[in-house]
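Note that chain A is present in both complexes that follow, paired respectively with chain B and with chain C.
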Partner chain A sequence: MDPLSWTGNIAFLDPLLFFALGLLALSVLVWIVLSAVLPENRAINVTGGSASLSSGPLVLAALAVKAAFLATSALVAVYLLLGIVMGTGAGIIGAMAQRLLPVWIALVLLFTLSILFKRKLGLYGKLFDSPIGMIGFALVMFWVFTGFFGAVDMIITHDPLAQLSGLKNKVPGTPLRSPEDGDFLWYLLGGDNLARDVFSRMVKGAWEVVKIAPLATVFAFMVGITLGLPAGYFGGKLDTFLSFLANLILAFPVILLFYLLVTPEIVQTGLPQFMAVVLFAFPLIFFFVLINARYRTQPQKNYLWLAVVLLPMLALYLMVVNAPGSKVDILPTALDRIDIPGGILVVFVSVVFVNSPTVFRIVRGLTMDIKTRDYVAAAQTRGERPWYIMLWEVLPNARGPLIVDFCLRIGYTTILLGTLGFFGLGLPPESPDWGSTINEGRKLLAIYLHPALPPAFALLSMVLGLNLLADGLREESLKD
Partner chain B sequence: MMNKLSQHDGPVLEIDKLSISFFTRLREIPAVMDFSVSVQPGEAVGLVGESGCGKSTVALGVMQDLGKNGRIVGGSIKFKGRDLAQMSPEELRDVRGNEIAMIYQEPMASLNPAMKIGRQLMEVPMIHEGVSEKVAYARALEVVTDVRLPDPERMLNSYPHQLSGGQQQRIVIAMALMSKPSLLILDEPTTALDVTVEAAVVELVRDLGKKYGTSMLFISHNLGLILETCDRLCVMYSGEAVERGSIADVFDEMQHPYTQALFRSIPLPGADKNAHPLVAIPGNFPLPHERPTGCNFGPRCDYFQSGRCDQGQIDMEDVAGNDRHATRCLRYKEIDWAAPIVVGEQKEKTKPGEVVLKIDNLKKYYEVAANALFGGGTKKVVKANETLSFEARESETLAIVGESGCGKSTFAKVLMGLETATEGEILLDGQNIEQTAIEARDTRTVSDVQMVFQNPFDTLNPSMTVGRQIIRALEIFDIGDSDQDRKQRMLELLDLVKLPRAFADRMPRQLSGGQKQRVGIARAFSGGARIVVADEPVSALDVSVQAAVTDLLMEIQRSEKTTLLFISHDLSIVRYLSDRVMVMYLGHVVELGDTDQVFSPPYHPYTEALLSAVPIADTSIEKEHIVLEGDIPSAMDPPSGCPFQTRCRWKSEVPGGLCDREVPPTRSLEPGHQIKCHLSDETLQRMQPVIKVAAE
Partner chain C sequence: MGLFILRRVGIMILTALCLTFVVFFMTNLYPNLEKLAKTQGNFRMSDEAVASWLEKGGYLQSTPKKYLEWVGLAPSYQHQAEDGTITGRCITPGMDPKDAPRFCGILQGYWGYSSVFKDEVSSIVATRLSLTAILMFWVMLVMVPSALILGVLAGMKEGSATDRTLSTVAITTTATPEYVSGVLFIAIFSSSAVGLKWFKGTATSAMDSPNLENFLLPVLTIALYGMGYIARMTRASMTEVMTAQYIRTARLKGVSFPKIVLKHALRNALIAPFTVIMLQFPWLLNGVVIVETLFNYKGFGWTLVQAAGNNDIELLLGVSVVSVLVVLITQLISDIGYVFLNPRIRIT
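Right after this comes the complex of A and B.
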């Protein structure tokens, strides 16, 4: 078999693409220079009774940027379409486009449906009015779908842990030396220094990230909200104490904390587990207070809801926290259905631990602002209890900034996971997550560039997507 | 060195058929349409209208500061004969701040908090005229003296936050006058200030306009204020000027139905809630993109003729016989403007019943640590309420009047149970509640005493449907046995406040200010409240909506026999709707009595000043001008003796400096009329009425 080139039979498109990219860069530059030099345009055109903003050099430049961008996007789309049709005939790009077919289908479906019904979907629907938000959402959903389909073994070309002979550190597009029946014939993005397929590992790694980062962020938010609300609402000594604690954690070097948490001696003392016991209890407290505050006046409904929501959560909590043979071993083995590897637990605990103080401060600040509103006073004067006011009057109205921060924070957490993986902390060494893969690739970076780059780009595009998504959400939530 | 534009005969500002639009992604939103007005040298022109009618947009258009998506789409703005739209950015910079100065609503937002006052003032001539620092300082000192600030040199050396709101606004006015502009634009300059401070600022503006010969464009929603400050006015409705003319013409010979409706919906001294109720303007203000064809006011107009008023563009037309008086009404010649108001049903005056609420010697003190960070050091006591005593009866309206810092909100908090009293008693049906915090009160007590809040945009939780919020109140007050029951009751409450039942599923942001306030009222009455504290419930609403909400409140009160504690600083509305009035100053009740007793002499000196300060939109009223010097003292550091002695104009009538030494005792003048003043009976008898209806 021949090695695959990057674009194979559609290489004739390459000059076009470079030309379009060049145009794009140039037009953006001109546009920026013009908007800095030219004065603000105050004139208008009145033609045929309807008024419009007049055209000038600036408008023309903006038009050029738009055209160049559209041309580039169209070319990229042509690459992908031809790739999907021609597969390996269109080189590595084509082959990857074809492998990712389920992702494309899912993305197209999601966007069509969302845009069709965007007026009925609230803030999520409004996201589709903002180009920035849409691009961000597309990037994020690309990796979410990739992770999901990768997890059910759909996109990957090889077992991410299998080592094939002769493919150690080989460049992208290298054919397998002795393929068996049904094997994919190339390592699309080359092999790493243990002769594993870089492409498949990147796809599998996406799942690790998509799985852990949002969940860890949710937990951090639960902790931050549950502590931030009373701190902001009651103020006084409680606030001083909690804020001091938050500052203490924020001031502690994060990396040192991580190293400490995985040190065997510390693990022996059960510290990470005890932290898990405390941190994972917050969602329980949060939902208990949430429901209890809402249905305080109707005991029967209250108990029903509490039972429906809290019992499963409690069971889950006990199973997650409990680990046989460790310091926290309260549940009989028969009941302990979920076993979380110690490494993951540590990653989780540390991510929640370092993220929650920041969330705490945001929530506290928002609460202090919102508690001065008249509707809070109205709730007080009709005798509502403090927790009802905090959770049902204050929190929903703080949601805007919190949603935006949530998106950004998933981005930070993703990078944090990368960092942890990079230092070899937490996750098992053979884990395909992006941080660990980058770390392994780093060792031979001077000689072999290709194993480290794909996960790095993946991390970059996902975090970029989350930031753009947050920008779009912020922009749209301000309009109304 | 930059020079002023050359002298020009004719109007200082000439706006001709101006149209301004804002462009959004969805559509073009016309904010001002076909608007013309001219300001002659030395003339003050008022611009009146409700919020959203485009009056501020006109001001921004004159300043050529419409932001990114605002554009002038038609007409011209000529300043001293030159079209502002044709000017280059450099020329505009010369004109702004130098020839045209603007004063905004919020004084604190107009001053740079990180710069000393003197520096900010000196900047103006230094930038525009390139004068030396010394000259600029001398000019600043002169102007600050002109705006009658005490101790000008210390003022120049202080930061904005060290000044009170009234002083800040004076500094902003001083800054505007620094370059001796030919046109001054004032955008609601006194809305953020207290009444007595407002009166002083208004007088200052008027005097300075005369002294400097500055033309003024005065934007306000308050007709009374326009009457006191302006020579001419222009009434705006939904982006258009509907009537234009001199004050006398427009106030006394109005030629547009909207102007008429506006005057009928504000409580003038003759109005009475039972005999002459206010006439609210039906319907709502149209949104800019939902304006009707033809006359914008058509759908709400009593004189509307279909097939005529809803056809095409209506132009301004000059009214014959008057000086530059124009109206935008097709039927102005046919309407009988002198026709008396059709009085709706007259209501019986309700008889006050049993005493439900009795306040006896109530005191509320706060302790404030002098050093907030470490809590140590001496503690200061803020006396927010001092010896409050009064009774309130069933189905009675008791107005509590006073400016900010007088302790009325603190009293409301103590009554509601959000704070507990320091001393004294609050008796609800003979039971003490002054020491029971709201958590400890039983449901009945809580639902009996409820509150309607001031700010309609803040009174409802923005992320909960209207129905849900009322149902929640019902749940808390333990009303109804099932969800079905409560839902039914909620719909009935919506009927009670005259809102369509479909509003139950709406979010608060879909409602207008008046509608939100109605929901707030429904919520307060959901537990069958017997005492409702209304904290300035209509002051944030537009004039045309105020009347409707006030009437609604009265009507519910009449049917539910509620005791209404109406907190307000607006004496016109207080006179209109209350049975008894209580005037507060710095935590003291300075006067208490029937409405008639309080509004006629003898007054407490503070009541007298308050009455004089309230602007009244009626040309036939003559007011005695009493301007209080200085600001309200801080409750942290109250004056010795009588709380009002620092600003009282009658102080010299009391011999022996008694006012400086002793808090005056409460004394009864007539049955039910008590004041807290050292003035002798003879002096009190000499007092003249502040408001006189001129003999015609």
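Right after this comes the complex of A and C.
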């Protein structure tokens, strides 16, 4: 077997791509320089005094940027299409494009459906009016789908933990030395220092992020909302106390906190588990208050909803919190159906713990602002209870900034998870998550680049996507 | 004003006490102490031997009492062995127990002894902190001006080409954590695989003689991550100022655009970034830990990792006291500075 080159038989496209990229860079540069040098466009012409739309060099430069960008994207699309068709014939790029086929299909389906029905989809639909938001959403969904399909063993080419002989630190495109039947014949992005496939590890690492980051952010929001609403609404002593606690956690250097929480000795004392007991109870409290505040006057409906929502959640809560043989062992073993692997729970708890005070502060600020509005006064005059006003009047009206912050916070959580992996905290050492892989790869960085760079670019593009998505959402929600 | 500062300082001290107590509590949990006893004494110690070793060091008292002793508000523990010799925290070997001071804690300047570096914690923290101070000085020198320029340029004309490009740059830098940008920088500028080899991939030699070759990459790595955030805040503040009534008045009056930006807008737009820069310190501390580990620069962050990784309790406590104090003091400065800069805020 020959080693694969990067672009294989479609190498004739490379000069074209470089040319297009050069044009793009040049046009952007010209655009910036022109906009800095030339005066602003004025709708009213100075000389004639008549109104006219100016089409000066600036507009031309903007057009050139657009054209160069479209040309580059079209070329990239051609690479991907040819890759999907030709597979390994189109080199490493082609092979990767082919392996990622399920992701492309899912992305195309998602975008076509969303754009077709965008007027009926509220804020989500409006996202497709903003190019920045669309790019961000595409990046995020790419990694979400990659993680998801990778988790069901669809994209990966090799077992992410398998070590094949002769492939230690080998460059991208190296063929397997003695392939067995049904094996993929190359290491697409090379092998790491334990001769494992970098490509498969990167894909599996996406799942580590996709399964922890959004859920941890949801929990942080539950904690922040449940505490921030009353703090902002009632003010007074409660607010002083809760704000003091939040500031306490915020003043704590994050890495020190991680080191203190995640070491095996502390885990042995059961401290993270007790924190899980407290933090995971907040969704229960939140939904209890939410339903109870709404249907308090209709006991029948109230009990029905409470039972439907809270009983499964309570069962889930007990199963998650409970771990046989540790300090929190309250359920009989037969009932404990969910077993979260040791490190994950600790990582999850510490990430939620670090994130919730910031959410608390945001919710508190929004509540203090919104409670002065007329509709809140109207509800108070109607005689509504405080919790009803907080959860059904204030919270829905605070959703815009909260959704934007949610996207940003998932990105921040991703960075935090990477930091944990980078310091080898919590997650098992052979875990394929991006932070751990970067940490392993950096030790040989002077000689071998390929083990460290793919997870670094993956993390960068995912967080960038989330930030762009948040930016697009903010822009669109401000248009109302 | 005096009362305001006094109250803020009071809250700060309370926060510092709470935080150090939390760290103290967590580092003094029994499994940690057991590990300490085993690394200090003998790995094959029996449980009884561990207990007696801890008893001798005074580790088995209640946590609040130990904490007060450590801070220096309670007389420190002394252990009387069966043969009558008295040992304790305050008594250095060879000293007569009667001459030893009764109180020896953080307040008295006794920070403990590091079990990993075999040195006084206070001297380790001082040397490491000065190394990190050099790093931080350069980071600030790079980060603050470039972030402010970026933000002001972008916010000057909202929606213009400069604004969009610079905003994209700012977003990209905030999406690049230090361990990603650091790895990228090392890969591009110092690895033999790419072959540029312009800068060094480690900053170990920068501890003695920092120069461009060995210090630029770590400084750039930290500065880049913080820069995007400050730039975005500056941009937001600048765009807000540019839509204000007095700017419109100035424009209608015929004042030239550069003059408007420099004389009317800039001063008001820089109030918000000041707070943001000050509040960046906890994040910067994070970055320092990552970058010092990545570039092997043996400063404060590197010491934190070593202390935490090797269960060096007294050093870890010293490090956390310093970092908590740094964060709290910058918060205090930011609060007070904000009031000074913005005369519209009245404190009652």
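Convention: the second predicted complex is superposed on the first by the 470 of 480 C-alpha atoms of A that agree within 3 Å, B and C clash if a C-alpha of one lies under 4 Å from a C-alpha of the other, contacts with A are read in each partner's own complex, and residues count from 1 in each chain.
Heads up, the rule we're going with is that contacts are C-beta pairs under 8 Å (C-beta built on N, C-alpha and C of every residue); 3 or more make two chains touch, one makes a residue touch a chain.
No experiment lies behind these values; they were computed from the predicted model shown.
Judged by the touch definition given at the top, the superposed model places A:E265 against chain C, while chain B stays out of reach. Contacts of A:A378 after superposition on the shared chain: chain B is touched, whereas chain C is not. Once chain A of one complex is fitted onto chain A of the other, the partner contacts of A:D471 are limited to chain C, with no touch recorded for chain B.
Judged by the touch definition given at the top, the superposed model places A:E393 against chain B, while chain C stays out of reach. In the superposition on chain A, contact of A:L306 is made with neither chain B nor chain C. Applying the stated contact rule after C-alpha superposition, one finds that A:L284 touches neither chain B nor chain C. Note on chain A: of its two partners chain C and chain B, the one contacting more of its residues is C.
Of the two partner chains, chain B is the only one that A:T297 touches; chain C does not reach it.
Chain A residues 40 lie at the interface with chain B in one structure and with chain C in the other. Those residues of chain B that touch chain A in the shared complex are 21, 23, 25, 28, 64, 71-74, 85, 89, 416-418, 438-439, 441, 443, 446-447, 450-451, 453-455, 458-464, 473, 475-478, 509, 520, 523, 527.
Residues 28, 31-32, 34-36, 40, 58, 61-62, 244, 247-248, 250-256, 259-261, 263, 265-266, 268-269, 271, 411, 415, 418-419, 422-423, 435, 438-439, 441-442, 445-449, 452-453, 456, 459-460, 463-464, 466-468, 471 of chain A are the ones that touch chain C when the two sit in their complex.
Remark: chain C residues 11, 15, 18-19, 22-23, 26-27, 29-32, 35, 157, 160-162, 165, 171-172, 174-177, 179-180, 183-184, 186-187, 190-194, 201, 282, 285-286, 289-290, 293-294, 301, 304-305, 308-309, 311, 319-320, 323-324, 327-328, 331 touch chain A in the complex.
Chain A meets chain B in the complex at residues 39-40, 42, 44, 46, 51, 53, 129, 297-298, 373-375, 377-385, 392-393, 396-397, 399, 480.
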